[in-house]
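These are the structures, in structure tokens.
Shared between the two complexes below is chain A, which has chain B as its partner in the first and chain C in the second.
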Partner chain A sequence: MKNKLMHLSNETMNVGFVKKVEALSGSSVRRCFQCGKCSAGCPMSAFMEHPPNRVVRLLQLGQGQRILAGRSIWYCASCETCTTRCPNKVDLAAIMDALRKLSWDADGPSKESYVQLANRLFIENIRTYGRQYELRLGAAFNMKSGQFLKDLMLGPKLISKGKLKMFHSKNKNIADIEGIFKRIEEMRKKGEAL
Partner chain B sequence: MSRIGVFVCHCGENISRTVDVEQVAKAAGEIPGVAYSCDYKYMCSDPGQTLLKKAVAEHKLDGVLVAACSPRMHEKTFRKAAEAAGLNPYLCEMANIREHCSWVHEDRGMATAKAKDIVKLMVERVRKGKSLAPITVPVTKRALVIGGGIAGIQAALDIADAGHKVVLVERDPSIGGHMAQLSETFPTLDCSQCIMTPKMVDVANHPNITLFTYSEIEKVEGYIGNFQVTVKHKARSVDEKKCTGCGVCMTKCPKKKIPNEFDQGHGMRPAIYVPFPQAVPNTPVIDRENCTMFQSGKCGVCAKVCGPGAVDYEQKDTFTVEDVGAIVVATGFKLYTIDRKPEGSPIQGYGEFGYGTIPDIIDGMTFERLASASGPTGGKILRPSDGKEPKQVVFIQCVGSRAREKGISYCSKVCCMYTAKHTMLYHHKVHDGQAYVFFMDARTPGKGYDEFWRRAVEEEEAVYIRGMVSRMYQRGDKIVVMGSDIQVGTQVEIEADLVVLATAVQPQDGADLLAQKLGISYDKYNFYSEAHAKLKPVECATAGIYLAGACQGPKDIPDTVSQASAAAAKVMTLFAKDQLERDPVVAKVNEKYCVGCFACKKVCAYGAIEEKEIRDRQGNLVKKVAYVNPGVCGGCGTCQATCPSKSIELDGYTDEQIMAMIEAL
Partner chain C sequence: MTPGKKRLSYSYYPGCSLHASGREYDISTRALFKALNVGLKEVPDWFCCGATPAHNVDELLSLSLCAKNLSLAEEVEGDLAVACAACFSRLKTTQHHLKEDDTKRKQVEVAIDGPAAINKPVKHILEILAREFGLARLEESVKKPLLGLKVASYYGCLLTRPPEVPELDDCEDPSIMEDLLRALGAEPVKWSHRMECCGANFTLSRPGVVLKLSNAILESARIAGADCIMVACPLCHGNLDIRQKEIKEAYGAPDSTLFGNIFGSELRGGSAPDQRDVPIFYVTQLAALAMGVASESLGFESVITDPKPLLRDKQLL
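After this line comes the complex of A and B, so read on.
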């Protein structure tokens, strides 16, 4: 997919998608002049099939689908090194956020990457328990990703050292936390949040 | 016995780091005939020069040698100092122990030994040196400007405004050059015609400017301050004095379908024509190759309709000789074409782009004409093949330029900016169209230039694709452009309606022939060479000839205008004096021994050698000898090396001096 011939025309360039990314991120995509400083400092660059500069480049060419088909956006650690160092004021971290949101909206959990699944389970746990319940997170991730035995042998070790709790303990302010989630959902409806 | 003073310079640490300067000074002091020697930290500084002057007076020196840097650097400095001390300046020489020694060697012992040798042989040259007096030549305060584009116009106006007479010679029927063809100019997008035509009119109306259009340089003789230039006035077939410029002849001419060069062949003109409506002068010419009257002898319509009777089919080419003191060469450029080139040509065409056979692949200048309100489409962007408005336009940069394989390795400098401008013009005129630009680098060094380019990308929605186009071919009514985006790392394919090539800037046709007439040098591309890339950027190596504009190398309008004004300033500097003083390092002929073989004449790069007749008292020819015109001689010494009878010598570099130098080693 990555090296596939690219046909460029008004039809094949999805400008609408780019406009959405720009609106969500509040950052211009066209402003990037491809100096590569974002990729140079990105700690996750080596793991991405499209390093950060190329993500922006594909957006400039209206090739959002190529980005969403890959896992680069899910490997982004949101450390914001790119945004901090960009000489041309492109907020790449915000663009990555916007892309993740659009990816989620478009096809739900990514087939290519488990990062998104892990993120979702993480957030669900928070909503349910008000804090993280690692054992459930690990178990649910293994079940849903189909890797039933993944890191299984680490479990007893972590439990014996007290790093992994067998039983969850609910946050007593769980109602307040639910309030935060509700508010975000309302803001999303109004288009005030991603 | 001579009394020579040797001054050894440390040049800070530049020389003393690798050369033991004290030892060199000491060794110099032991050479017979050296009356004084010393070393000093900076000889070129004020105290250094004072040291030299004092030594000349105190030790009654009759020759001075400064062992320091290259004479190109400080010969003038020290000769002035020597002159101030009462010595003939040409008895002061320099031994180069920096560029020729300390800078290029590491071993201190060996470098010191070499420095001593250099000093030793230069002492001999000083010893055999002669007092010379500077040469004076008169100056004709009238300038010739060759080329009537923006460069020539600017130079002519500046010189004329300074109060000097100017002759402006233009090859085409009108002045204006390429700038008159442009639609809008970067980075301000002001209309080219609007800023150009007033200047053209100024030239025509200036009392100090004589304008010769449709004329060419036939022959150039003479030297700085005293050139005789033969100008060929091509037959216009229209009497410039009688013609009122009413234009009836053009409307009545039955042959109207001749491609107009001014519109890059995309508009039509009659056989009797002015290139464009704002032409200066507004006098038509008859294109004899396309005129029915000249081809078959039947027609004569223009002569019949011409009220003042200005049309003259019998007109012949005429010649005038212009006496001028300085020449500004401003012959401009032409654009590279992708056509197939003749066998063996150093420049190649683009087979991968179809050798120019695809009608909707055009060059930048054609796009200018399409975008120009006065152009063949009235300012509408319509493609040449079917007159449709293109919705997908691909611009390709560096076509010909930076393409060693095609024979041109330089950057044409203006294309990045004009392509950015083209995408803007296109976006302004075709709102639903998309412009793509294939480029390698965007080179935008200039005031407001990078901002302009970024504006094209960020606001005017041009899609810039870093990567080149491999091939283009016609598919239906589209042109398939196969390129790559090296930032994404994929191949890119675009079906374009129109392709605009930013083709290379090349010197004007016949630039080399003109250079040979003028006796100026040019590079392998036929761009004229300046005397020094940084410090003499407008002067030619040939004295009295100056360069302006793209004939020297690709240039945009601001750079061209700056250089033209600089060339004008150089001419004014020359004209500020009535007499010109020149370095007397020129060749002299010993007429007694000269056999008149004129081998020297053949090798002289400056054309300084003339034939002189020697007659006895009765007027009978005794022999012919060579004569060196001191005004023209460049002092290169080639004649001296060539002369089989050793009867021509360069002052300051005589055989006697050179032999003494060799013997000293």
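After this line comes the complex of A and C, so read on.
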């Protein structure tokens, strides 16, 4: 796909999507002049089919669907090197956040399901317990990803070292967290927040 | 210390890791502050800051969780001390965004059902030690200088990037950790990977990523002649310490087949690959050790890559 000739027209360009990305991230994609510093410094570009500078280029060309179809956005580590080094102040880390949110909301067609699963479980943990319950996080990830043996030897070791707690109690003000989740959902339903 | 100078005192947000996988960071932070006679009072009933997964897919949720924590912190006096680099980054990011963006602030205020309190200064342990307590005073308080200990100081990502958020040090060439090490009597080494990413939270979803990136960091520290690495983030510590054995197996283990046994060292130019264990210390563990705090109260028993042989070798235990 990446080397295929690209035909640009009103039909093949989704400009509305790019505007959404710009609104969510608060950063323009048009300021990028493709110097490539972001990709040069990116620790994760080796894992991506579209390195960071090409993600911005694809956005400039209205090709958001090509980005969402791949796994690049889910392999971004949010290390902020790109944003720090961009000479044109394109906030690429925020653009990556916006792209992930749009993919997430659309129940993304992305190939990368493990990272999404980990994110989902992490956020569920906050809603249920208030703080992270790391043992449950790891166990639920293994169950739901079907990798029952992943880090199997690590678990007991970490428990014996006191690094994983077997039991975890909920915050006593957990209702406040549920309130935050609910009110955000309501705002979105009413169209008052993205 | 000037007589009559007000005793430093902070409110404290430990974050989830410091109550679990990074417990020795919490233990040593408390021990160090006690030794330095600096007050530290935990914010009651704090929540998870949302870390990377929340802002990854839902910025509003991330900002709201942090805003809630900042308003909980208002109940405790003193600037907010944070040890975890990720919590520190998220709390500072939230303050930064809510100061600059009225729309976001209003949405967050609806979400947390109250005003957003964003003016309490949030400070990382490093800046409290090096700037507020002060390097000179720290140097005076040292009881057991870390002489001969060669340390690679590892900043990772979020302590310095993006520069307008943490406001901790230069975003490409910081020196706060090295300055601190010199004050403790240790010898900071020059090395290449102090600001590279360790693979962060991919440790759960894609550990292969962590093995590759953290291997490069450990390699670089060995090449620079470091005895150990100093970190200020529980996730960096987890990746470099807990996964160190696995990293060796994946990248550096000598070939144990018959062919490898006979020709292995030839292929490596006659020398065995450097496979030293590199113990990983939290900044507070090293600082507390130098202040003469008993090693038993610094959580060394929780560390996976055993630091005790190195400390005994340097006569620090």
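The definition used in the following text is that the second predicted complex is superposed on the first by the 162 of 194 C-alpha atoms of A that agree within 3 Å, B and C clash if a C-alpha of one lies under 4 Å from a C-alpha of the other, contacts with A are read in each partner's own complex, and residues count from 1 in each chain.
Here, a contact is a pair of C-beta atoms (placed from the backbone, for glycine too) under 8 Å apart; a residue touches a chain by one contact, two chains touch by 3 or more.
In this text, all values refer to a predicted model and were calculated from it rather than measured experimentally.
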Partner chain(s) touched by A:Met44 [first = chain B, second = chain C, both, neither]: second
Which superposed partner A:Leu117 touches (first chain B, second chain C, both, neither): second
In the superposition, chain B vs chain C on chain A residues touched: C
Partner chain(s) touched by A:Phe181 [first = chain B, second = chain C, both, neither]: second
Which of chain B and chain C A:Leu24 touches, first, second, both or neither: second
Of all residues in chain A, those that touch chain C in their complex: 24, 26, 43-44, 46-47, 75, 77-81, 83-84, 91, 93, 97-98, 100-101, 104, 114-119, 122-123, 125-126, 130-132, 134, 137-138, 141, 150-151, 154, 157-158, 161-165, 171-173, 176-177, 179-181, 183-184, 187, 192-194
In the complex, chain C residues that touch chain A: 16-17, 19-23, 45-48, 50-61, 64-65, 68, 101, 107, 110-113, 157-158, 161-163, 171-172, 196-197, 199-202, 204-207, 209, 212-213, 242, 301-304
Partner chain A, residues of chain B touching it in the complex: 391-392, 432, 434, 436, 454, 457-458, 461, 463, 465-466, 485, 487-495
List of chain A residues in touch with chain B within their complex: 2-10, 13, 28, 30-31, 33-34, 53-54, 57-58, 60-61, 63
